[in-house]
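Inspection log for the structure reproduced underneath, given as structure tokens.
Lettered A, B, C, D, E and F in written order, each chain numbered from 1.
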């Protein structure tokens, strides 16, 4: 067997040539397109694993634009987004950060879990997110005026909001906001089948199981099983792992470390499989 | 369709050749001009999205001066404002920050959301903000004496003041301060129509809706819908999104994540559209 | 006697040519392989010294892949994982961090005690840990698309979880999770004999002793004696240290500094040896 | 109209050729001169806008010494004061900070709002502020022995002292301290007239107004209106802004954001103008 | 009299050619050697000044290995231990930190007061402290496999442990641990005589005095007088300082600043000398 | 009048050719010399302004050694003491910090207010402060063995000790400690006369005044007036400032900002002058 090496891409090459599979939950595609045509930035809200990233991939394919994703975190600085000077081969050159790169080339810039970012990260997007649509790059003494193609999107999970990690009103009130949630049972079953190749009977049981765990949210679980976890379990089953072990590894142990909750969740799965 | 790229501008090229649309709320234009003629710096106070930035654009056009805006944040350092040495092509050169650039060329420097900045940022402007009007640049061992054209302005939202994020009296007492608020109903309707192209009937309903949300401030909402949000909703409607969905995406979801407040706000919009 | 110097290896040379000794506790090998074949990342949970690292070495041998381990800590940055530019001999060159190196060459990257890492470390793996399997390297303006061989694994001890040091749901729900614990008595005795060369009678007593200390967990001890500590004590005994001194140095003093607990644990060992 | 650019000065060129207008409050000029002749450093205490900076300008003119002012803040490091190595054109050169520059050339170094500075800033002045009068510059491996002309002065506002921001006794007990306060009514009126060109009737009313606000200190206001604010209001009036609007913008809004206090202060001004 | 200059040594030259004076307290030498022969790292526990450092010097002499000591502290980073790139004469070269140096050359690396170190320091030793015995050096993209001669040891004072400064179980459970304490009276007297040259009568009194102060531990004193302090006092006496003054300066004032405790301790010494 | 410039000295040139005036309080000179002859480091304790620095200058003169003083603070790093690599003229050279410089050349290194330093600063001196007398310089991969001339001394004010800012026992128990306090009345009067040239009557009154303020310590004052403050006041009087104004500026205002305490202290002085 040949040992493969990673494929190296520029961000602009991260284009979707095939339609990413996405099942719409409501009018989110139409609202996103209307916002995009009016140059308004978009904010996606919803729990982990419910399809926000896939939706962005789908929109990138519809608009035929490169998708530049930035996973936000505590230590993400404005320079990480805008760019910095680097010394290479004796010459100092400016290297655009992902945000500047997206503005310059008219791509989509998607800031994933934006509430995790430091405050300077959210403030640096203010002039881009209102009708100025400019990115000041103080270090090079220039302003970038975004072309109409540029699209700014960001996401977060409102379930984790705290006083410390909250979007300021002056940031929120620049965005058109779309709410995401888990799909209804029939749709979720269809997604699990499509993504894992499992049969419809098992997919139906997995969805039933997920909905039981979601009822435990706030009663010992921080979050119920996401659609993504169902796909994981289904893939393990297709690879000949028994349903009980698959549910334990892909779902129960992924959800919690609490031994009482683990027993409860494992009993739920035992009653179904 | 051609794919566009960003236009690259120097800060001095950020001049307004056409009058930015602005509806005065009171005597703010006269007071700003009197302060400017006397070399006094100006402080704009008011909630997000009520027109402070647009007012600055309008004044920049009236005074025919470039407008250099700095979005302030927790990690903005004095060096970010004043400048730093950078190595380029083997040579070390000094690059003015936006504040030094504005002082040197006699432009407007507008520090947006200044209370977010670190303390050193607000202190570095002290000698510029009193009758000395000088900017010490310790790293180059020089002082810049501001020309009469130079104008220092800054803004913040007093509704968010906390003990930690407060302007010191020694900073405040250097500025002439102007208070901004949402325009009255007739004026706000006019602005929404002008900015979005929506008909007057719908604009009137949107303003009514906004004023209802502003009454919820402090009763579950941190802030009511700003004029900017009304313009967003109106633009979505003009792009054929239904009023209820437009209000939900552009206003309700932008204002809050709380499910009870979302229901309340959505009911308000349902009663109007 | 010749004085030896360290052998210097590249990470890719850290391959296991001989099977690392590992006794399976359940179906962990099958689940790991099913996850690996489906490109799903794996999370190992369990107390210190129970065999998680040895399991990874064993899996690396089974899959014939280099094992690149990163011991996580408070100050581990995303750059430590992804890489940085270094100036060498007048030239600036990019040096892959251990994570990028593993992605690029299709190796196993094992993040040990991942909850100790800063949040940016866990976020940087998000796009690698879902079906995108890409590593954005903003500093070089490139994306690495992981080859099928690449395997992401991480571990932590759920017994130490606190509010501050917890995996976010958005991280957890990307992994298939395996729970580890101390082996049962017969198996543990077999491991101690095999690793230290001690006789079975002494090994049986050591296992008995360990199980007594594990009953004290939460009653003065943070943790009971791990299998590793038993191996240490056994090795000291084989090197002619008396059992009581060996248990005191290798087990009791390694477990706690509390003088009451030390007396209690030493009495336990005195009753056995 | 010609557009002017900033005048660029070295710190040594910041000399006062004309006497800066200053009205003495007591024996502060004599005490400052006696301290200066004995090589003792001076500490100015008092509220913002009462004339401390102007006093220093006046003393610089009397002593015919350049005045080097450093506005202190949280992030001011010892290196900012003493100096650092910078690479310029392939050569590394030492650049004196403002304190070293003042010591080397025998100027006045005035540390404004010194309690804001980090602790290393206040400690670095200790050997300069006692009878050693030396500045150790560890980075260049040298000591500077201050010439008799060198004068060290610093200021702060004792009204803002907190446990965290307090001068250590070992710092305080190196300085001769002068207390400043607002001038009495007649003197303050004279100053307002002189600085703004307003008539004496209006100046008298402004002073009356200021004294009313000072009575509100601690009862809703952090600080009353400083002499500087009166000059601001007077300048706006001279520029044809109505007295009520001038007092609101230059004084009330500059003092507070609290709506009740704003009403109270605006009523006071309405009763006077 | 000639003025001497410091002797400059490489760490490998820090070898003990003469036996460092050490009086064993129990079987610590045998246990250390058994651990060393089995490649197990060693942890020394005990109060300050009781002989841990001297024991390490003695073992270094017995094993004829260079002793590389690192005094740990809050700001000790993993790079401080492992090494860093430095630019010298236009070339960038890698400089091993003390830990990498000890691994590479097969020396003893002794981390003194290891609980003071930052967490990354303790984690970086994990792969060295279990049966892998490797040091990953991410910055050079290499692993060092320790030769059999390499010995890892560390120490701390369990009396100072706090929740914040505690060894993690995953660190502790990698080490063989040895407990140290003050020697018994006869042995301590012998040590004091040997180290200072004082007569046995005075040495006996000093030991009596030390034991009195040790009884005050936890009753006003953080720690009693260590053997080292007795040697200090004895040396001052040999240099003609009176016993009372010697005990006050070398012992009482070194132990505490509390005036009541100082009186109590000084009275104890007055009763003996 | 000629304008003077600073004299530039190397630390080794900071030698005392004339005897610095010092009045002994007890046997501190003998104990210091005995400690020095035995290679033991010395710790000076006492309030600010009581003569600790002068004592060190006096001892430096007696031992005819250069005195290298480091004023410690929160941000003083180990590198600040030990040294760092600097790039100069294309070459990277090592520059000794003040501690390494003192060790290398056999000078006195005096760490003033050592409890203010970061923990790494105090730990870096441990191997220098016990019988090893070595300074490890990890960055150059060398150890400096101190010559017999090298002398380590440090000071702090025990009155300010807090839990956070305290010398660790492992640091304290390496030093011979000397306690300093204000001199008795006759001696203090003599010092004031000698230092300022004031007549004995006034000096006696000043000492009386100082002792009154020292009784207020802990009753509103953090610290009473130090001998240094008396010298300041006396110098102002000699320069024709009236006694009441001199005491207010040099003593009362230097001690406190509290208006009640200021009145109390000023009344005390009014009763005496």
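In this text, a residue touches a chain if its C-beta (ideal position, glycine included) is under 8 Å from a C-beta of that chain, and two chains touch if they have at least 3 such contacts.
Going by UniProt, the chains are A, B, C, D, E, F = Nitric-oxide reductase NorQ protein.
Please read all numbers here as calculations on a predicted model, not as lab measurements.
Enquirer: Any chains in contact with both chain A and chain C?
Expert: For chain A paired with chain C, there are no chains in contact with each.
Enquirer: What is the shortest path, in steps, from chain C to chain D when you may only step between chains that touch?
Expert: Graph distance in the chain contact network comes out at 3.
Enquirer: I'd like the angle of the rotation relating chain D and chain F after CA superposition, in degrees, nearest 5.
Expert: Angle of rotation between the two copies: 60 degrees.
Enquirer: Roughly how many whole angstrom separate the Cα centroids of chain A and chain E?
Expert: Those two chain centres are 51 Å apart.
Enquirer: So how far apart, in whole Å, are chain A and chain B when each is placed at the average of its C-alpha atoms?
Expert: 30
Enquirer: Quick check: how many Å separate the C-alpha centres of chain A and chain F?
Expert: 59
Enquirer: Got the chain C residues that touch at least 2 other chains?
Expert: Correct list: 87, 90.
Enquirer: Taking touching chains as linked, do they make an open path (line), a single closed cycle (ring), a hub with spokes (star), an all-linked set (complete), or other?
Expert: It is a ring, because the chains touch in a row that closes back on itself.
Enquirer: Moving around the ring in the sense set by going from chain D to chain F, list every chain once.
Expert: D, F, E, C, A, B
Enquirer: Over in the complex, which chain A residues touch chain B? Could you list them?
Expert: 27, 30-31, 34-35, 37-38, 40, 43, 45, 77-78, 85, 87, 90-92, 103-106, 118-120, 122-124, 126-127, 130, 132, 134-136, 138-139, 141-150, 158, 161, 168-170, 172-179
Enquirer: Spell out the part of chain A that touches chain C in their complex, as residue ranges.
Expert: Residues 3-11, 13-14, 47-49, 53, 69-76, 80, 86-90, 95-98, 101, 112-113, 116, 157, 160, 222-223, 225-226, 228-229, 232, 235-236, 239-241, 245-246, 249-250, 253-255, 257.
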